[in-house]
Amino acid sequence: MKKLLTKKNLAALLLIIAVYALLVACDQFGVFNRQSKALLVPIGINIMLAVSLSLLVGFLGELSLGHAGFMSVGAYAGCMFTIHMDLPMAVELPLAMLIGGVVAGVFGLLIGIPALRLKGDYLAIVTLAFGEIIRSVLNNFSVVGGAGGLNGIPKYSNYTIVYVVMVITIIVIANLVHSRHGRAICSIRDNVIASESMGIPVVYYKLMAFVAAAVFAGIAGVLYGHNLGILKPSTFDFNKSIEILVMVVMGGMGSLPGAVIAAIVITVLPEALRGLSDYRMLIYAVVLIAMMLLNNNARFNEFKQRLFSKRAARQGAKLTKEGE
Amino acid sequence: MEFLAQIINGLSLGSIYALIALGYTMVYGICKMLNFAHGDIIMVGAYMLSVAMATLHFPPFLAILTSMVVCAALGVIIERVAYKPLRNASPLAVLITAIGVSYFLQSSALLIFGSTQRKVDAAINFPSIQLGELSISGNALITLIVTIILMVGLNWFINNTMTGKAMLAVSEDKGAAQLMGVNVNFTIAITFLIGSALAAVAGVLFISSYKYVGPYTGAMPGIKAFVAAVLGGIGSVPGAMLGGILLGLIESLAKAYISTQLADAIVFGVLIVVLLVKPTGLMGKKITEKV
Amino acid sequence: MALLEVKNLGISFGGLRAVDGFNVNIEKGALYGLIGPNGAGKTTVFNMLTGVYQPTVGTFTLDGENLTGKSTLEIAHKGIARTFQNIRLFAKMTVQDNVKVGLHNHVKYGIASGVFRLPGYFKDEKYLDERAKELLDVFGLYGERDYLASNLPYGKQRKLEIARALATGPKLLLLDEPAAGMNPNETAELMETIHFVRDTFDMTILLIEHDMKLVSGICEEITVLNFGQVLAQGKPSDVLNDPKVIVAYLGE
């Protein structure tokens, strides 16, 4: 237990509690209006989606364009469960999340199998195809409401529940990444041939990353369904998958805090621009392009480096000192 | 007989996919990037056609030409502004930028033309041909013929002109091509120009059959054409042709004999199965990494 | 019985015999050199011994166990580790993590221990850190343990690759041109390190070089490969004076 109480972990714990306290305080003292309060749950859900996709894109290094597909199968499975069961919420919701997670995980395994044979853009298109197949099947499946949507889902989600599940998601994925399993996953990203030569079971870890990412996307989907009370197949289209991908890329590949921040910004931004109505998407598009161009601009990067150079220099000095 | 009619439908739809897929495949071959904005060029092409005919009262031929010129210029501008600065960036950054461009085109169209679908008078209108019991749509036939001519022309262009050979060289190795005196920037611009002009033609043909255009008209044909390009082996010109035609046939037959709603799912399912058997598409080169 | 016994190993690429009738026996603890001009098939031999390519004919055994036809992963688990001619480090991981990937199979803690930070995680990670330090110290890389592998200078990247391969705890270590791109001083130092590794870890090493002088300095025995076939085999002094070898290298 002692090892868990490091300075870093304590700081993280304090942050988790402080953010929650702030949320409650803002809620109690009426800082949030109706719109901003309604954003809290989507923010949490998007963070879960971004962090789970980050495992695939940032750490395993495989491009997935079908994350909304995992989210939707989890959502439908979990919500079907609560609709047809008549249990108290405290039992029903965790069970729904479990079911949503497991079902999404099974689909993650199914999509992970082509990932063993395909590379890069070819895998990306398969994940895209997978997402579209799911959507069109859901659209034509009357048991789950078809194109009209699945109605009558109890609205169990609130910001406390979502916050707790989100924190657990982040901790689980961060800890996974910083374990021998996470190192194995990163080594596959950096050089799969070397990884295999070092005795890393590449097949196992690729599948594991896909399953883990799908499970958390599925759980996020369950919370999503229990927030809105209705699920529509059209929500989980290609654009939703892209939105999650944008969060991961904007946050900086392989950076979990970055993914969290980007998820918050990208959820809040469209709402903040609501007043601009039709110009909203245009501004979003321009911001997206500008961000990408800026991030890859040599002069901007130089500026960024100069900004952080003091910190880097300090670290460098520390390392050489220890090395001597 | 009905089966034959479906085949013709499929071939016509497939040739539209093939025309769009060519743009994907050429750009991928040369820049190794998935140009997600390519589908939206079709939409721009269709709007241009409508503006030229309805507002400017151009004759159909001139309207089509206008649409092609505007799209070609747009393609080149997009490359210059958004993709060129990212030539050495990670493929993912380029992909996201392309998606940004796609959103940009869609939302611009939304602002300019509004969200309601706009009816376009057909620029091409050929009477049906009656072969015994079988009636073949004239537009379907003309689509097929135009596509075949463009395909053959493009293939000739790539293999027989200096610019075409420069394109092949750049797609093999940008650095080496530059050292051999190939103007890489010009070659890439030409690639975008041709690809976008073909997309405009695809837009014109598409709208001749479907009559309506909206800001998101290009999205689904774009994705389908992308699938076609991958199915045929992305980077391969004959592959794009084959992939497009196959996709059109599968979609038409699935719609006619299995289920209209599930046609898309079947198309995507076929793609997954093909890639599992042939991981680089039907005509794609197998890439082995040297150890 | 020798540690590695290769019998009549050969591979064809579309009708071209890249390696033909390759035989070699390497005793435990040996430092063995595989040399030959460019394109002689040296790396292809390594690729066959590590399952990257499947040999068309012939067999090889490690410690008496037949490994022909096994996958790269299985062969790695059986105890053959390698470095690569064109460096293949985990570029975006730290120096220490590169070595810890090599040590992956030395600890057994599961996913649950990793995710929930159970005691097994801390015990095993501590062990890994200690082992990684030992290995990095051998190559003088411990001071740079938190650098990204891609930020190391070229010579140190080659050393890190050896450290990572050693970390897997192999019976046989294959080094593919470990001194490529190094200057004479760096090369001499590296050769000393390789000697040191062999002695301290009691390792059997097969190394590829095309610089014959260099190999004769540290290898007890060498095989010369030319156009995919064994040209000469034996003690460096004998082999280097073999007229066939001189012709292969210098021409008539």
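We call the chains A, B and C, going by the order they appear; numbering starts again at 1 in every chain.
One rule holds in what follows: a residue touches a chain if its C-beta (ideal position, glycine included) is under 8 Å from a C-beta of that chain, and two chains touch if they have at least 3 such contacts.
Given the structure is predicted, the values throughout are model-derived calculations rather than measurements.
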Of the chains shown, whose Cα centre falls closest to the middle of all protein Cα atoms? A
Please indicate which chain is farthest from subunit A, where distance is taken between mean Cα coordinates of the chains. C
With chain centres defined as C-alpha means, what is the inter-centre distance between subunit B and subunit C in Å? 49
Any idea how many Å lie between the Cα centroids of subunit A and subunit C? 40
Which whole number of Å gives the spacing of the CA centres of subunit A and subunit B? 32
Sequence positions of subunit A contacting 2 or more other chains: 193
Do you know which subunit C residues sit against two or more other chains? 52, 84
Touching two or more other chains - residues of subunit B: 291
Within the complex, subunit C is touched by subunit A residues 3-4, 172, 175-176, 179-184, 186-187, 189-191, 193-202, 208, 254, 315, 319-320, 322-324
Note: in the complex, subunit A contacts subunit B through residues 57, 63, 114, 117-122, 124-126, 128-130, 132-133, 136-137, 139-140, 193, 238, 242, 245-246, 249-250, 253, 278-279, 281-282, 284-286, 288-289, 292-293, 295-297
Using the touch definition from the top, list the residues of subunit B that touch subunit C in their complex. 291
Subunit C to subunit B touching residues, read off their complex: 43, 47, 52, 84
So in the complex, which bits of subunit B are touching subunit A? 28, 34, 82, 85-86, 88-97, 99-101, 103-104, 106-108, 110-111, 223, 226-227, 230, 234, 259, 261-262, 264-265, 268-269, 271-272, 275-276, 279-281, 289, 291
